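Encoded as structure tokens, the structure appears first; notes follow it.
Per-chain residue numbering starts at 1, and chain names A, B, C and D are given in the order in which the chains are listed.
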Amino acid sequence: MERKAEIAHRCLLLDKSEIARGWHLFELEAPLLACAEPGQFVHLRTGCSSDPLLRRPISIHYADAAAGRIRLLVQVSGRGTALLARSSPGEELDLLGPFGRGFPFLDEAAPALFVAGGIGMAPLFFAAAQRQRAGLPFEFILGGRSSAFLPPEEYFLDHGFAPLTATEDGSRGLRGLATALLEKRLAEANRPGRIHACGPMPMLTRVVELARAAGVPLHLSLESRMACGVGACLGCAVPVKVQGNIEYRRVCRDGPVFDGEAVCIGN
Amino acid sequence: METDPRLALDLAGIKMRNPLIAASGCYGFGFDYLPWVDPRDWGAIALKGMTLKPRAGNPPPRLAETPSGLLNAIGLQNPGIDYFLEAIRPRLGELGCPVIANIAGESVEEYRELAAILDRVAEVSAVEINISCPNVRRGGISFGQDPATVEKLVGAVRRVYRGPLIVKLSLEAGDIAAVARAAESGGADILSLINTLKGMVIDVHSRRPLLGNITGGLSGPAIRPVAVRAVWEVAGAVSLPLIGMGGIASAEDALQFILAGAAAVAVGTANFVHPHVAREICRGLQRYLDEQGMGHYSELIGAARG
Amino acid sequence: METDPRLALDLAGIKMRNPLIAASGCYGFGFDYLPWVDPRDWGAIALKGMTLKPRAGNPPPRLAETPSGLLNAIGLQNPGIDYFLEAIRPRLGELGCPVIANIAGESVEEYRELAAILDRVAEVSAVEINISCPNVRRGGISFGQDPATVEKLVGAVRRVYRGPLIVKLSLEAGDIAAVARAAESGGADILSLINTLKGMVIDVHSRRPLLGNITGGLSGPAIRPVAVRAVWEVAGAVSLPLIGMGGIASAEDALQFILAGAAAVAVGTANFVHPHVAREICRGLQRYLDEQGMGHYSELIGAARG
Amino acid sequence: MERKAEIAHRCLLLDKSEIARGWHLFELEAPLLACAEPGQFVHLRTGCSSDPLLRRPISIHYADAAAGRIRLLVQVSGRGTALLARSSPGEELDLLGPFGRGFPFLDEAAPALFVAGGIGMAPLFFAAAQRQRAGLPFEFILGGRSSAFLPPEEYFLDHGFAPLTATEDGSRGLRGLATALLEKRLAEANRPGRIHACGPMPMLTRVVELARAAGVPLHLSLESRMACGVGACLGCAVPVKVQGNIEYRRVCRDGPVFDGEAVCIGN
């Protein structure tokens, strides 16, 4: 019988810490997942009973191929993520993956601009860290509710970069939204070569408007409820424009990263 | 997995390595799990439901999780039979296991046309007619409720399709045994059951139904007791072999359906949780046969009926 | 709990402190939780189903746990109407909340006789006729499936019972909306739904059905999406107030049924897990009304129907 | 509004230890349950999701009214008890109770004989310890598979008594069954005043035969699957003889302890 690639992984949870209010950082021993690309995700079991039944998609937040380790950054937003937050180092987590198509052109020379809203920073951080390691230019815009709901600045500095930050209450960086920073940045003469964005829908809508107006290529990581995570169930479909027609595409397999031109956001 | 002769079967002409079938709609066209799961872990794979013309499917959200269940409203998104013949059919051989085409139509004529086409497709080992998909409004649903209509529909398909013909039943009909008998009279070779139960979830924050299609089909462990009962009832009403399904996730679950009277079992939702479910259920069945010192799993079919 | 005027209602003549009803069969005759739970936490309490003659009930096991569900086959064990009148009726006043008598018969005549007796029992605020109990073989089940029979049965009871008349529907009938309309034509004041779904579990070790009665009725969170859909459908078919039930365990669950079109909700299985469920759901409803700045919960009835 | 007795208790798990293979001893802070009587049980939630849905009945194994503590002794026998076994000191368990009618006549002067099969010793231990404290005479027969599957002898000695033990493999006490010890004991001239038994059905069947033959009053604690635990659902019914007729009685409310004459065991 032919040898199959691994899909199911039982990974040892090495470390867990709350790096922002309700954001839990998981460090896992996962040699076969550590070659994943930024923007890809794992599909995670959150308990051992049939309620909750389904796995939860979580972006790979960082992968250290040499050490065979990956990190996940999970915001508690419901029952599944709350269960996850209760696991402790020494336990094994049940992961499938890596799944999905990540951010493209991460190795191009032209400067990249990452725009992250809240927990949307999880996959973008990985993309930025990869460019950082490769010595490729990029900027990182980060928006959040308040300083306490974002990782501390050292978290980024440890990886060699400092995001331009906006918070709604002004407790860190600009008072306002990430998209205000983006708007200002795109008004400057030296435009970035490409934008990669991930965050809540209202933010993405505005990012699409701004990028289109500025004529900068854009890639968005989208979210959707998932069942299979591999493209088999068609449950995670989102509408995209394909040669002038609207068709449904699978976030899990055709995405989660989609071309800014194709997504049906901000018309 | 090694093929175990104690699990092999000939299901009304479908030659299966084991009694496990990937349930329609839960395994795409057989390729999505390919990089990771050996399709030969399955006795057969039922393909996503197909229609004559391509269907875009329902607007999102299409999924909602419920207690021990999954509500889906995919809306039979599929590329249509022409695309299937052109782009998918040539690759089916790669799967290395029998393939069952699942079809749905909006009229007897559409079902007949689809079946006539598939009659000439050697790569397809059997046709399953979905008379019960709860997610297509003008679609299959009405067919599944009235025994006389079911008999007529099955008869029409039977006249054009010579291979093993599976009729998939739902519980939407008040009397599933009556519908089963009608399908038998119409000329079905095999009955499969159950399709999903119609359900819905309301989002109390938006105060709107959560699914884009308002209602969806409930699958998963939540419906298992209802599905076992349906198999028990239908096994008492017809003499055709049955494919039991609904919430199967373990060997013990599969055994419940077999003991109730199913000759084979299908697994849908559990794939999403455990992609290796087929292999694991087969191992569990082998262990059970070992423990009970039995020669072939088929000795267990209907054994709980006393 | 303090009575909150925003939750009070008059349900076709049943004066309720809040829209929560203890579901029949899950709260005995109202007294079993008495030492611990204040019955006035409930808007009303539906009593265990009663028959003319005492019934011993089904042989054990009567319960099986299923994924997010409970399968029961009690078999309408009850002491009969005479014992009720003699020994239970005099104590009902202690409960301090409206009481609904749930009745089941094996013929139209039995239902009529029970209802005629209860018409003269001031301690009973309403009668609920169970036309759908899945655990009595020659019992209610057949009544619930055919609209014409339902209309006749309800009409017969209506002629002898003057108080609020509730008809309890199940999904055994293929078309629940048709049965609902029949109950409305027959003269029902209120419809309650859903009763349990028929299911079974097989013990793979003994290779026999686990329940003494072979099949049982499935309740609990597993059936909730199916129950919400049933309420949604029936609310679109009749203009009677509805009592929604099936898997309610929290305020959010209750709101789903109310938004789908239920005027009140009943809670069964969840009592077994959380005896204080009524109080907690009421608090949750109050919080929701606070957050939404609403004057009365009834503004939410059917609000998801758009 | 009138004051209601407590039914739902969140109890701090103070200590947990495995005192026999697969038998977990739980020590709980439960002041309102510490007045429970031997033979009563609590109804325990084993997780926080709807699967497993129902509570599990577990006997009160010991209660220290002064300290406001109770003990439970749980044998892992399925999914719910396995989940329970994974809880750790510092967590709170969700208990209902105390429920049911316990062993009667525990304060009578005539000597009592306790016959326990396996985990059936959980409630009988409490009954015996109560007589021990009250200085009332009793004997304790204990049967089990093997020594490793029974608590160590010190566990009983700490409470001032030593059970007469039988194990199937002879690794402790007599090689054989508890009922063999009972048979021998009942053959002696000085019969006990009363027998209390709890254990697996084959054992109980034999105990019924022996006690009836010897004419010694018998009380049995029965098991049944439960939903409500309070008598409301009629789910736990067992057949009993009532004035010559067979009627169903609720294990949770009318039992779990039933009169040996009434139970439909060994005809």
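A few remarks follow.
Heads up, the rule we're going with is that a residue touches a chain if its C-beta (ideal position, glycine included) is under 8 Å from a C-beta of that chain, and two chains touch if they have at least 3 such contacts.
Note that this is a predicted model, so its numbers are computed, not measured.
Common neighbours of chain A and chain C, by the contact definition above: B, D. Interface comparison, A-B against B-D: more C-beta pairs in contact at A-B.
The geometric centre of chain A is 36 Å away from that of chain B, both derived from CA atoms. Chain A and chain D, compared by their mean Cα positions, are separated by 54 Å.
Each chain gets a centre from the mean of its Cα atoms; for chain B and chain C, those two points are 34 Å apart.
The mean-CA centres of chain B and chain D are about 47 angstrom from one another, to the nearest whole unit. Residue numbers of chain B whose C-beta contacts span two or more other chains: 64, 66-69, 220-222.
Shared interface positions of chain D, i.e. residues touching 2 or more other chains, are given as 50-52. Taken as a graph of touching chains, this assembly is complete, with every chain in contact with every other.
Within the complex formed with chain A, the chain B residues making contact are 1, 25-28, 32-33, 35-38, 40, 48, 56-57, 59-70, 72, 74, 77, 220-222, 249, 269, 271-276. The touching residues of chain C, counted against chain A in their complex, run 67-68, 221. If you check the complex, the residues on chain D that touch chain B are 50-51.
On the side of chain B, the complex with chain C involves touching residues 64, 66-69, 71, 145, 172-175, 197-202, 204, 207-209, 214-216, 218, 220-226, 228-229, 232, 247, 252, 255-256, 259-260, 288, 300, 303-304, 306. By the touch rule above, chain D contacts chain C in their complex via residues 1-2, 4-8, 45, 50-55, 96, 224-239, 246-248, 253.
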